[in-house]
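What follows is subunit A paired twice: with subunit B in the first complex and subunit C in the second.
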Partner chain A sequence: MENINLRKFLKRGAIWGFIVLELIFFTVAGHFLSLSEVSFLDPENMLLLLKQSAPIGIIALGMTIVMINGNIDLSVGATFALAGVVMLDSMSWAVFAGLGDWVIPVAWMIALATGAFLGLINGMIVWKTGVDAFIVTLGAMLGFRGLVFMFNGEQPTFHLNWTMVDIAESSFFGLELPAIVLLLCTLVLWLVMNRTVHGRNAYAVGDNREAAVNAGIKVGPHMVWNFVLIGFLAALSAVVFYSASGSVNPNDGMLYELWVITAVVLGGTKLTGGSGSIINTLGGVIAIQILRKGLGHIGADTETVNLVIGTILIAVLFLDRQLNRRGQEELKV
Partner chain B sequence: MTERIPALRLENIVKTFPGVRALNGVSFEVMPGEVHALLGENGAGKSTLMKVLGGVHQPDEGRIYVEESPAVMTNPLEAKSQGVVFIHQELSLAEEMTAAENIYLGELPRKSFGRVDWPRLRADAGAILDRLNCGFGPDQIVGELSIAKQQMVEIARALTVDAKAVIFDEPTASLTDAEKEVLFDVIRDLRTQGVGIVYISHRMEEIFRISDRISVLRDGTYRGTLITEETDEEAVTKLMIGRSLDLSRHVPEGALGGVALEVQGLSCGHLFEDVSFKVHAGEVVGFYGLVGAGRTEIAETLFGLRSPSAGQILLNGEPVSIHSPVDAISHGISLVPESRKEQGLVLGMNCRDNMTLPQVDDLTAGPFVSEGAEIAVFDQYRDRLQIKTPSWRQQVKNLSGGNQQKIVIGKWLSMRPDVLIVDEPTRGVDVGSKSEIHNLIRELAGQGYAVIVISSEMPEVLHVSDRVVAMYHGRITRTFTAAEVNEDNLVQAISGLGGGQVA
Partner chain C sequence: MADTATNPVSLKRAGNFLARQGILVAFVIFMVGFALANDRFLDMDNVLGVIRSSTILGVMALGVTFVVISGNLDLSVGSMMSFATIVVLDLHDKIGPELAIPLMFVMTMSLGALIGFLVGYLKLNSLIVTLGMLSAIHGLTLTYSGGKNIDIADKEGTWFSILGQGSALGIPIPILIFLGLAALLSILLTKMPFGRKVYAVGGNGTAATFSGIRRARTVFCCYLISSFCVATAGLIQASRSMGSQNTVGQGMELEVLAAIILGGASLMGGSGTVFKTVIGVLILGFIQNGLLLIGLEFYVQYIVTWIIIILAVWLDIAAKRGRLWSPIA
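Then we have the complex of A and B:
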């Protein structure tokens, strides 16, 4: 019995234990290796880290739900870029010329609506055609990226509005806006997944789709909503990020889908669906960000970072498999 | 005389699938407060009838009435909302979720903003679980429960609505005796509340214990209804099989060869424990027991798919260790698996390629697969097993069940095994092909193979076996010779009721 509880604890809390390990390692290693005098654990550094986690993090929360649902969305990076382009481009549209700074919320709304709409397209195709979400969103990834390039070719799209930058860089209680949005989204989505019927149904659909159908859950529309949600979150991530930077490169957001999935899987969500946790995804996002920042802190270059993260991901999944084995009685396949 | 209204009535239901008339004018009714048993062999149409009732299939003809008002079922939830509830044999649960969530799956109680009303969910589910004496609470994660307790969760689902008719589809297949008693109490309880109960089961003993009436299906047609108190097992069996049982036992002919396979004290965790038996060359040993008794698991262990936790396996007197199917095949053990479509065949490949799959490594000419050698193997076994297919190019998915099964058997015969294990050889095979496969098994034994037949169909086991091994809960309860076995002592042995010496 103790053994089982220990395993449970290891499975649930593993990501946070891993984060603590990382922090200790980088603080100690940084003490000897880093050129900077500032400790890795310096509060400002930590807050910056949270802020930098936001773009990937916000999308990862949505990906968690889609993956719990037993699907996947590979188009989030392209959605992110397209929403950013639409937001910045719409601010210079003639129709909104008379709005002054009120164009900002309007542009935000348009961007969010774009993201939600792209998600809706994905969801409807998955539902109505029955094609695997992997394939549908792979196509969408290419297609949406094509749209991004159609806007401005290879040129970046930019629109600098200082009021918007001020809003984007404002901070409350010492937390900058992106970090606040990330934490708020985590809270809301945690509530959705644990406290609402929709959230519980998401687990049921991913866990045993046939059982869900038998129980009368409308699986198709249910999944569409989740795709709309992840599209919306990808756009929200773009809104937060591009409001501050004011410029979208058409290649922005490439490989985001893979970073997002890495974070979600590191957070313990099953690729096959039915199991996963919003809070642990936040942990996965933070763990990756600490790795990137920490390796930089001790003077490793970017290539090393990717190698290390890749290795750790595989190690984690292997460990997870070991913890989940049913011992000798298991059927070998 | 006031005419009582049936809780549920089916009238002349006809359902055809391409090539098969699965239901042919079946009528059936259940009164409130009655337990009506539905009997039939595998493939007699019971499950199709239930699927029609649950809205999974739409009937081609005929009508469904709930309390005499016509009802059209389009999905199981709609059936449930009309008061017709199913308890399936196969579990349909979300394993990572709690018992409470599973019980109310699809209809979780809500508060504002679509929030789940957890206190109410817990209280309601808790009350139902208490009523069932389950011994676990609503917060229990379902995946951690035993199969039997998961079944109780499934049953608990039926009690969430004001049911008019509850259909139990082989509910006791995986229950222990104590749990069965609880289930029967629940059924009696429902009956006194005026719920009509349809009880589908193979087990005569249960049916005679709890049912009021018995209806029998055979080959998709309705064969008649008997009143339980006025009939006996023999009459029911006759109705079910259409003849008195073909109990032409196999007469042991000639001497058997040496011991081909011997198993001593074999265990695999709790799946089966301390199993010992011998199979001689030229002998057919039948394994009979309930689902979950550990028969298939023994076969899987012999074939290297599971690692035994104790005991040893001897082939021709030599102890061998088998860690994988590759080991098993090289030692001359072949397994024709339980589910041929999932485990035995690559449905999209043609007949020839399926048959030569395990040995294609050896059938090469230089770096390439030798087509000629493959076709030669296929032709040989097509003739020997009388597989009916237009050519070897035919995709296996287009063959009938019987011919598919022969392809799987041929595949393993072509590996020239000493020991052939066949798990449920005639599941989903039509009656004609069944006896062909039975004859084939007998012939193979005659040619000196040691054959193990695992089956859930008693007539089959009795018909083909030289000896019958009865299993209950992972243990061998008794080994019979063909001469001493009969239905009564076999049923006793597999239900774990004492009786008879333990082998």
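Then we have the complex of A and C:
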């Protein structure tokens, strides 16, 4: 009994244990190797870390739900870029010329609506055609990227609005806006997944779609909602990020989908659907960011971060398999 | 009377044919359409140019076809291609092209062997393994090159550029490599016992195991073939440009998959052919070229590709299940 609880605890808390190990390692190693006087655990450094996790993190939360559903979304990077372009471009549209600074919330709304609409397109195609989400969103990744280029060709789109920059860089209780948005999203989505019917349905659909249908869950609309949600979150991530930077490169967000999936998988969500946790995804995102910053902190080449993350991802997959195997005696051939 | 009785049947047959060979039909329609819209489209120069610029993607897609038929995915080919390109360019100046090329093949294929070991023998999920390898190999490339671009110092004094830029009998050598490799792999897949094993493992892994096929070894070999093709693509890329950034293959993994899916292979495994993959690659290339020639902006190709991919797969599965709309509640 104790053994089972221990294993459960190990599996649930693995990512947080890993984060603690990372923190200890980089603090100790940084003490000897780092050129800077500041400790890695310096609160300011930690807050910065949380802020830098936000763009990938916000999308990863949505990806968790889509993956719990047994689907995947490869178009989030392109959605991110398109929402950013739409936001900055719309601020200079003649229609909104008379609005003054009120154009900011309007542009935000337009960007968020764009993201949600792109998600809706993906979701409807997955539902109505029955084509695998991997293929639908792979196509959408190309298509949405094409839409990005429609705005300014290969030129970056920029629009500097100091009021918007001020808002984006404001902070409350020492937490900067991106970090707050990330934490709020985590809280809200945790509530959705653990305290609402929609959350329970998400697990049910991913675990056994047939059974979910038989239990009266409207699987199609349910999946569409989740795609709308991830589109919305990708746009939210863009709003938070580009409000501060004010400039979008048409190639921005490329490979985001792969980073996001890496974070979600590190957090223990299964690709096959049916299991996963919002909080652990946050852990996965933070773990990656600590690794990035930590390797820089101890003076390692930043290039090695890719090598390390890739290796860890595969190691996690291997360990997870070893931990799970004893419970379910596989057919040995 | 007889006519009305046979009509639905023949219609259904026509529908089935369209669904089976739909991508080929679409290809022909596209070619005819573009040829009518622009008379330069079917010029020999243009056609060869399009095929030539598709070869790198195409050579990679040939190898990944094996992986996809065996029921797995390979997302690492883009960064593996960057690795191959950087390594062969760097070694070229250090030990000469004669030694650099085989050494690069060995290094790239040992990465493929590692993936094959992880997916085949350790039975880990191929999507995550190759996602991890995408990142890891990218890191490896950057560490190898120190993040710098690699160029061949003496571009005139070496025969190395022939592989990417030369031509024989009026046909560019990259195209000859592409077509030769396609023919070879097609024979391997359709005429050899190994090919049948690949289909069996992808179609139903458990059944394949019970009928005595060594599943792990088959999957391992598929990844080895994939990495061989990637190394070839890297060689062509290096020889064509004689210098390269570390990110030359970035993002190509998903384009490769798009071409294979367009060709009609199922990501579930068990279906697809080398020929269809070649068609998929050519469709991507000719669409891009044709849309540019009729004067549309370059980004239109992305949107058109998006629509075509989804339509192609949708019609394919609609024909299999016998109804257009999905049965999802």
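Here is the rule we use: the second predicted complex is superposed on the first by the 328 of 333 C-alpha atoms of A that agree within 3 Å, B and C clash if a C-alpha of one lies under 4 Å from a C-alpha of the other, contacts with A are read in each partner's own complex, and residues count from 1 in each chain.
Following the convention adopted for this analysis, contacts are C-beta pairs under 8 Å (C-beta built on N, C-alpha and C of every residue); 3 or more make two chains touch, one makes a residue touch a chain.
Bear in mind the structure is a predicted one, so any value in this text is a computation, not a measurement.
Trainee: Would you sort A:P43 into first (subunit B), second (subunit C), both or neither based on which partner it touches?
Mentor: In the superposition, A:P43 touches no partner, neither subunit B nor subunit C.
Trainee: Which partner reaches more residues of subunit A, subunit B or subunit C?
Mentor: After superposing on chain A, more of subunit A is contacted by C.
Trainee: Is A:M150 touching the first partner subunit B, the second partner subunit C, both, or neither of them?
Mentor: second
Trainee: Taking the superposition as given, does A:T196 touch the first partner, subunit B, the second, subunit C, both, or neither?
Mentor: After superposition on chain A, A:T196 lies in contact with subunit B alone.
Trainee: Which partner chains sit in contact with A:G174 here, subunit B, subunit C, both or neither? Use first/second/both/neither.
Mentor: neither
Trainee: In the superposed arrangement, does A:I309 touch subunit B (first), subunit C (second), both or neither?
Mentor: Touch partner of A:I309: subunit C, not subunit B.
Trainee: Tell me the contact category for A:L142 with respect to subunit B and subunit C: first, second, both or neither.
Mentor: A:L142 contacts subunit C only, not subunit B.
Trainee: Is A:S275 touching the first partner subunit B, the second partner subunit C, both, or neither of them?
Mentor: first
Trainee: A:L255 contacts which: subunit B (first), subunit C (second), both, neither?
Mentor: It touches subunit C, and subunit B stays clear.
Trainee: Where on subunit A do the contacts from subunit B and from subunit C line up?
Mentor: Residues 213, 217, 331, 333 of subunit A touch both subunit B and subunit C.
Trainee: Subunit B touches which residues of subunit A in the complex?
Mentor: These residues of subunit A touch subunit B: 195-198, 200-201, 203-204, 207-208, 210-217, 274-275, 327-333.
Trainee: Subunit A touches which residues of subunit B in the complex?
Mentor: Residue positions touching the partner: 75-78, 80, 92-97, 101-102, 105-108, 110, 113-116, 118, 268-271, 300, 304-307, 309, 324.
Trainee: Subunit A touches which residues of subunit C in the complex?
Mentor: These residues of subunit C touch subunit A: 75, 118, 122-125, 127-129, 131-140, 142-143, 147, 206, 209-210, 250-251, 254, 257-258, 261, 267, 297-303, 305-307, 309-310, 313-314, 317-318, 321, 325-329.
Trainee: Subunit C touches which residues of subunit A in the complex?
Mentor: For subunit A paired with subunit C, touching residues are 74, 125, 127-132, 134-136, 138-150, 153, 213, 217-220, 223, 254-255, 258, 261-262, 265, 271, 301, 303-314, 317-318, 321, 331, 333.
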